[in-house]
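As written, the chains take the letters A, B, C and D, and residue 1 is the first residue of each chain.
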Amino acid sequence: MPLAGITAVRRLCTAARQYPHTVQLQTRWNDNDAFGHVNNVFYYAFMDDAVNAHLIASGVQQTRFVAESSCRYLAPLQYPQPVEVGMGVTRLGRSSVSYAIGIYSHPANAIAGGPTSGGRELCATGTFVHVYVDGAGRPTPMAECTRAALEAIRMDDGSDA
Amino acid sequence: MPLAGITAVRRLCTAARQYPHTVQLQTRWNDNDAFGHVNNVFYYAFMDDAVNAHLIASGVQQTRFVAESSCRYLAPLQYPQPVEVGMGVTRLGRSSVSYAIGIYSHPANAIAGGPTSGGRELCATGTFVHVYVDGAGRPTPMAECTRAALEAIRMDDGSDA
Amino acid sequence: MPLAGITAVRRLCTAARQYPHTVQLQTRWNDNDAFGHVNNVFYYAFMDDAVNAHLIASGVQQTRFVAESSCRYLAPLQYPQPVEVGMGVTRLGRSSVSYAIGIYSHPANAIAGGPTSGGRELCATGTFVHVYVDGAGRPTPMAECTRAALEAIRMDDGSDA
Amino acid sequence: MPLAGITAVRRLCTAARQYPHTVQLQTRWNDNDAFGHVNNVFYYAFMDDAVNAHLIASGVQQTRFVAESSCRYLAPLQYPQPVEVGMGVTRLGRSSVSYAIGIYSHPANAIAGGPTSGGRELCATGTFVHVYVDGAGRPTPMAECTRAALEAIRMDDGSDA
């Protein structure tokens, strides 16, 4: 479970960031751990889902491996809150791509009707790096279609998270 | 699934690191994802397990939140490989603690008899930060017992991973 | 992963069943196992989520334990397919309740726009038994509010699945 | 989380059962749910792991699908308890096989040194059915090697769980 309370400053700084693409995800009953909050590990499942959902929806089938990931936990999540994942590409190389990711909660009850338009809170920020590989697991240039899908969600500032 | 192949240099650099404490963990059948490798998310479950196992075994019951974590993926893992997690404390503050973590595979078959003494390979390095909190989720100084457990696995170099 | 192919008859028999309540759930990238299908274990996560979502949405806070569960796998699911879980109460005792559950896939892509109204397929049927307990874990009569929530989704035929 | 308390009779009846094969498994920190017990869903992960570990250790590579599974929860498990899974084949058909499974806890702390020889408690009993399939997902006869692996753990009484 993430840290609550001391990170107001950090949260304000990052809340202003605009993510070019968002994905709506559900939490699950057993995401919650013994402390009644979504276990820290599942934040990475949210990132993994959001990144792969965008690639699949864009028709990308090229094999990729995760090279790095990171997460800063700002506020706790709790089932049945829905999650909104904001994401954008911060660096687009020949075979690798870096994402900045923001994980938001909504005050609305997930079951009653899903995310509301207002009042979302930034609960975590993350980074995620994919490397595209060939059949032997060696880095290989991205296909046109892959690159186009990633260019489409490039972040304005271009800075790393 | 993690990146295979290009990171030989990084792996050699980190392989020499000595972790003061190790924990033996199992992989599970459904840790493997559609690519037949342990999904990247579960590396954080290994870190979470290793850190909490050490705390529980040391008698620590103080509430803590995860503030940050990160992972660099160096080589793929695959069920039924067992995992050895090396860990050490790199920074010990008043209410927070940072760990450096190494995740190793063993060539031996987990089922046949567990880890062998030789031939282990560094598959990932990670960092993990806990903040100890009071009942309201505010950072609070570590108890004596907590601090002692963490001092016991402090890394010699004291540097962050 | 579930059995594909041989169970056409069983599927036809059960597809006609009307579930009084349905819940829409997402699959996740790492629900898929090494065979590229949703791992059999996660069908129980879908049941657990559906049952608990209904209870939480109904305001039920009484502690309950799972006493029994079962699943018959009829057709494979695969991320990113969304899942619709149909459920109804088949037996309502003093402290325990039995559910019949049907897990359906939709041909529509979950990411593109969620479940369509037609073409859903029954992928699994399940049973799930909760026992309401007191603080010591002993069976205790359901509260009025709990009973009302369960009566509301009682199945017409009243038969066990 | 499973039912505690009322099932002493059932537990005594089943505790006497002798399983021809046992597998030692670990629990994980985030197996625990909001009630501080291993979530009911993970009992099926233990079954899945035990069955597949035996098959992999026996050299079986034939594709199989899970057709049915079930679990009766008798007593709660809690991380960091280790788990012992007892298993045996109760029915061996041409293309399908049924297992009876018992999930046991040990009083010993998993971290301190693993399962002790005495004092184990039956926490759940389960059933698990695999169907061996061809490339198109149609039931296909088991290979010699598969059948031999399953014959080796056939239960004396031959009865279904």
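Criterion: contacts are C-beta pairs under 8 Å (C-beta built on N, C-alpha and C of every residue); 3 or more make two chains touch, one makes a residue touch a chain.
Values in this document were obtained by computation on a predicted structure and should not be read as measured data.
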Between A-D and A-C, the pair joined by more C-beta contacts: A-C
Between subunit B and subunit A, distance of the C-alpha-averaged centres to the nearest whole Å: 22
Cα-centroid distance, subunit A relative to subunit D, in whole angstrom: 36
Centre-of-Cα separation between subunit C and subunit A, whole angstrom: 28
Junction residues of subunit D, two or more chains touched: 29-30, 39, 41, 45, 48
Category of the chain touch graph - line, ring, star, complete, other: complete
Residue numbers on subunit D that touch subunit B, as the complex places them: 23, 25-26, 28-30, 45, 48-49, 52-54, 56-57, 80, 109-112
Contact set on subunit D toward subunit C in their complex: 1-7, 35, 39-42, 44-45, 48, 63, 65-73, 76, 131, 133, 136-139
Of subunit C, residues touching subunit B in the complex: 29-30, 32-34, 36, 39, 41-42, 79
